[in-house]
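Given below, in the form of structure tokens, are the structures.
Consider the two complexes below, in which chain A is the common component and chain B and chain C are the respective partners.
On to the complex of A and B.
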């Protein structure tokens, strides 16, 4: 392949552009496409920025408020609790993912694992049930439509008007024509993705890994390449414009509109998930065996008592150098948490299994493949919700146990036991407010670049196989026509 | 008549001879069938979940009731299940049930801290949305209609048969009318047959099925008329279809998205987090402030207990529940504003949906199936009402010196789903009328 070969390809691409610029339909499609991506990029970027600011300041407030609490009994602080907020990842400017579908704040307190609250969608208008103004949606669903609206006739038009035979008789191979037309469509892909690059640069400046951002863009480029190839294939196999149009439109409906929903319905039906409510019953049943951590006389703690007495070589709990009530609170919290975590992990594994089923449909529809790829890379998929739940659980457990440690070490058993007798005794059973600095500052970080890349392997493969298969097909068609 | 039947059978054969139309219709039938099937599955899952939950809830509460003798701790440890079962029509319109909760457990503590907890479904699946009959009809069928009708004239024009057909036919209707009718009926049947089977299977009343069918017919007829009208104006089939699909994109995506942005911008809503934060501060402060301050605030809304609010010991259950109540009162204003904002947003969205036929149909059908946001709001109101019934049951035992015995528990309120409450009411009304 030499220079003159490529100049032929360029000429064909240029001709295609000339054709588009003369056609009212193509011009309006191009304008609408550009406007849509541009506005979605801007709106989503502003939105994400506001969310990030708001949640960071709420997080700061929550930490401040906790530290400001007056002298108290440490267990009061266990129930006072703390809030954690999920700050959006940098790339959620391009794909907000599940952000508005899962709660983004969580109340952390002793003895309980709460679920995340206040999903934005519960305050929604139900208007965006078909699509939202996120760059991800625009590029995943609408961009293929725009491409097919301007590209369906790229080959069939030449065939219908018999110009194809003319071009071929001049010594240009059919494959060259395909490449030229493909190049023209790819330049449109570039135009559509151009506004997204801006957000990509911002994401990098916010500390997102360059490898991730570039693979995010490569993924979308491959996805749109798949559509370009599909358009070329279907445009070449039909001799009539109307046929190639109908087939392409039908493929788009199937791959972009129907399949994604079939995927999630199948996932929900084949892997039934018991909700948190249902597992909570099982949790409760198991917890009843553990004993109530508020009541150190609960027979469930007899063994703990015996071992402590033996360890310090004393006869009664009053003689212990530590506050037995605090020890019991800590021990029961630890046991309870391990039960809660076991059920939480089960629930997450179950949700992940559901999601895997839905993502498997990426073999059947490149739209499903890019959707999972995009959410995984942007740190906005279901995994990130799980990570948030796990991280906040660690935060919860740490501060509760730190308070229980205070309870055991800074408060004498006598004072603690007498605190219900009078106001004066209650005041004695307190620790000073300086101790509330046990709380660690919380800043939610998503999964690392490596984890995300390895997680996205299946979706990447799905995309690559689609692209590869269509390339082979193009090659075959290209040879056949010659 | 015979002429008419002949025409129909001719057009029917003509339709079957066109392979791509047959493929299209077959896909419609399959998609609609799958949507109805998976909708039925989903509803079945929801129903069995509710059955399991009711049983588990009963056992759990019985255990709490045996374990605790004191009315204060009995109330503290007793959970109560609330739920809203899917309606008969829910299989066709799953609606917002994967976003709003339809099952919830509450207890006697401050309600504002509990009611916003949600037992959400898989967020990634909720985001991509499930396929149900409503989706197939509202979003998908316009595209199918476009594909079927845009080239009705253009197809014959490009084949050069147009003039011949027009001159040979007895009237415009006998040619284009019957051809359209045959296509329309076949796509309608492919869409509706699975629905009718599903409706029969899940016991939807004939009246409601007819209403749904009528709505779908009107909706599909709108898209057919639009396709035919635009189709008659042009001769290039793909460019007609492009325009139609463009129109579909505008009404299905663009208008709703813009409407959503505008409404969110327009309607001020308190942050949900502030509700629970206010409650937390109120409830926690109650431990530190003098008890009579709390009791005064309590009596302000519950004057009937004003003789019984003296707290002598360091801890008394009536004081504990009083400060829970006062906490709810303090967070109440924010919470009402939050609910109102949600309601207002949904109402405004109703106006926007008049510009978007797909969403209009969705709203109508989810309303019929009681699976929309309004159903969720009503469910939330039902929970609130039940919670106040619980309080009304426990307060006399907590505030008066009358000795609580477990026999009293037979009067413990039992949650009635909102939809069944309405049923009960209407059947009671009928009974009353009959007995009168």
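On to the complex of A and C.
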């Protein structure tokens, strides 16, 4: 292929742009699409920046407030609780992923594992959850529609008006025509991605790995290339504009709207998961058997009591060198946490299995493939949410147990047992505020670049196979049409 | 100046089947350089299929289509570069002006022409200058045809393939067009046209091949200084028409 060959390709691409610029529909679609992308990138970037700052500040405030609590009974601090916030990853300004659905903060307290809160979509109405115009949504769903609207007639228009025959009769090959039209559509892809590149630079400046940001954009470029190729294939196959438009519109509905829903439904049906209410009842039933950690006289702790008395060779709990109530609280918390963790792990395993089933649909829909790739790469996938839940649970367990240890070691059993008798006794059953520095500073970090890249292998393969298959198809069509 | 030595176009026992229908059967003819050859026939006679086979859009079932000494299907790009094709309805872009259309197709053919050369070509085909910079969506068929001819002239191709070139043109435009063809042929260009216009063909062609049901049923030649006998051709043409 020499310079003259490529100059033909550029000439065809340039003429396609001239056609778009002189067509009201094409220019309207292009303008609306680009404005939408640009505004979404700006709005989401500002929003994410504000969220990151707010969550970091709230995290600091929560830790500060906890440490600033006055002298108290340690178990009151267990119930005072603490908040943990998940700061958004740098690339979440392009793809918020599950962040909007799963919640981004959690209240940590004794004896309970709370769900994450403040999910934008959970708080919004059904209508607003549909209207989430993140840059990822725009590129995954709306950009193919935009490409389709301006590109559906790329080849069929030339066939319908017989200009294709005229071009070919001039000695230009059909493959050159396809390349020229493809180049024009790819330049639109470049325009769509341009505002996103700005966010990519910001993400790198915020510490995101260059390899990740690059692969994020390459992934999206491959995804939009798939649509360009699909548009060219279907526009080449049909000789009427109406036929190519209908088929492309149907393909878009199938690949971008229907297939993701089928993926979710299939995932839910193949990996059935117990509902929240059902799980809550099952957890409660198990927890009842563990005994009440607030009541050291509960028969469930008789064995613990006997072993402690034997260990310290004393006859009564009053003689123990440690506060039996604190020991019971700690033991109860450990048992309870073990039950809660088992249910939580089961739920997360189910969610992950469902996600894997859903991600498998990327072989059938490039939109599902890019959605998985994007969330994994941007550190906004379900795995990150699970890690957040596990890390916050560790944080919760550690500080609750640290308080229980204080309860056992810094407060005598007598003082503790008498704390309800009078105000004076209540004051005696307090622990100095100096001891509240039991909290570990919580700073949530996303998965490393390597983990994300290896996790995104399947989605990458799905995208590459789609692109490769369509390239082969284009080459065959290019050779068959003379 | 007509050279008429070299064979510019040749159909050698050409047969073409489309969807199992025999469209062209064992067709053989030769067109010499500088000659105007009209392939005459009624609807469905196989004229356009023959022309499209010469352009490489159809592959012969048997036989050969040869242009400028090359078998078309084997040397498609080289053959197409030698030819200027004028379709029945000039397929140009309505969103472009006449000049932009010409420039676009020339650049695809890797030919550079200055604005003044393009203007000369437009003048040559009598396309009024007020239309040169107008988008073609409101052009008449005659104006589109003239633009396409101007493009063909600018390509300086030695061979012209014309598909029903005067169909839809008014009588004045037909006369102008026929005159232009004669001028082109006088410069040594080979012109192969398919038409059902007996009178037009007799007026300009050096030779006429009569095609009926895909077979060449007769050839008529002009003699030095005189046109082909229209009545003779018309009678032969009418024989094949349904009563």
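Note that the second predicted complex is superposed on the first by the 450 of 482 C-alpha atoms of A that agree within 3 Å, B and C clash if a C-alpha of one lies under 4 Å from a C-alpha of the other, contacts with A are read in each partner's own complex, and residues count from 1 in each chain.
By definition in this document, a residue touches a chain if its C-beta (ideal position, glycine included) is under 8 Å from a C-beta of that chain, and two chains touch if they have at least 3 such contacts.
These figures come from a predicted structure and were not determined experimentally.
Peer 1: Does the superposition put A:11 against chain B (first), chain C (second), both, or neither?
Peer 2: second
Peer 1: Touching A:412, do we find chain B (first), chain C (second), both, or neither?
Peer 2: A:412: touches no partner chain.
Peer 1: Any idea whether chain B or chain C touches more of chain A?
Peer 2: B
Peer 1: Kindly classify A:19 by the partners it touches after superposition: chain B alone (first), chain C alone (second), both, or neither?
Peer 2: After superposition on chain A, A:19 lies in contact with chain C alone.
Peer 1: For A:341, using the defined touch cut-off, is the partner it touches chain B, chain C, both, or neither? Pick first, second, both or neither.
Peer 2: Touch partners of A:341: none, neither chain B nor chain C.
Peer 1: So, A:101: does it touch chain B (first), chain C (second), both, or neither?
Peer 2: First partner only.
Peer 1: Regarding the shared-chain residue A:166, is it in contact with chain B (first), chain C (second), both, or neither?
Peer 2: second
Peer 1: Who does A:251 touch here: chain B (first), chain C (second), both, or neither?
Peer 2: Neither partner.
Peer 1: Show me the residue ranges of chain B that touch chain A in the complex, using the header's touch definition.
Peer 2: Those in contact with chain A are residues 20, 24, 27, 31, 34-35, 38, 41-42, 45, 49, 52-53, 56-57, 60, 63, 96, 99-100, 103-105, 116-132, 135, 139-140, 143-144, 147, 151, 154-155, 158, 236-239, 241-243, 245-246, 249, 252-253, 256-257, 259-261, 263-264, 269, 271-273, 276-277, 280, 284, 287-288, 314-315, 338, 341-342, 345-346, 348-349, 352-353, 356, 358-359, 362-363, 372-373, 376.
Peer 1: How about chain A: which of its residues touch chain B in the complex?
Peer 2: Its residues touching chain B are 25, 28-29, 32, 43, 54, 58, 70, 76, 79-81, 83, 85, 97-98, 101-103, 105, 107, 114-119, 121-133, 142, 145, 149, 152-153, 241-243, 245-247, 249-250, 253-254, 257-258, 260-269, 272-278, 280-281, 284-285, 288, 351, 354-355, 358, 371, 375, 381-382, 385, 420-423, 426.
Peer 1: Quick one: in the complex, what on chain A touches chain C?
Peer 2: 4, 7-8, 11-12, 15, 18-19, 22-23, 161-163, 165-173, 482
Peer 1: Once bound in the complex, which stretches of chain C touch chain A?
Peer 2: 55-57, 76-77, 80-81, 83, 85, 87, 89, 91-96, 100, 104-105, 107-110, 135, 155, 161
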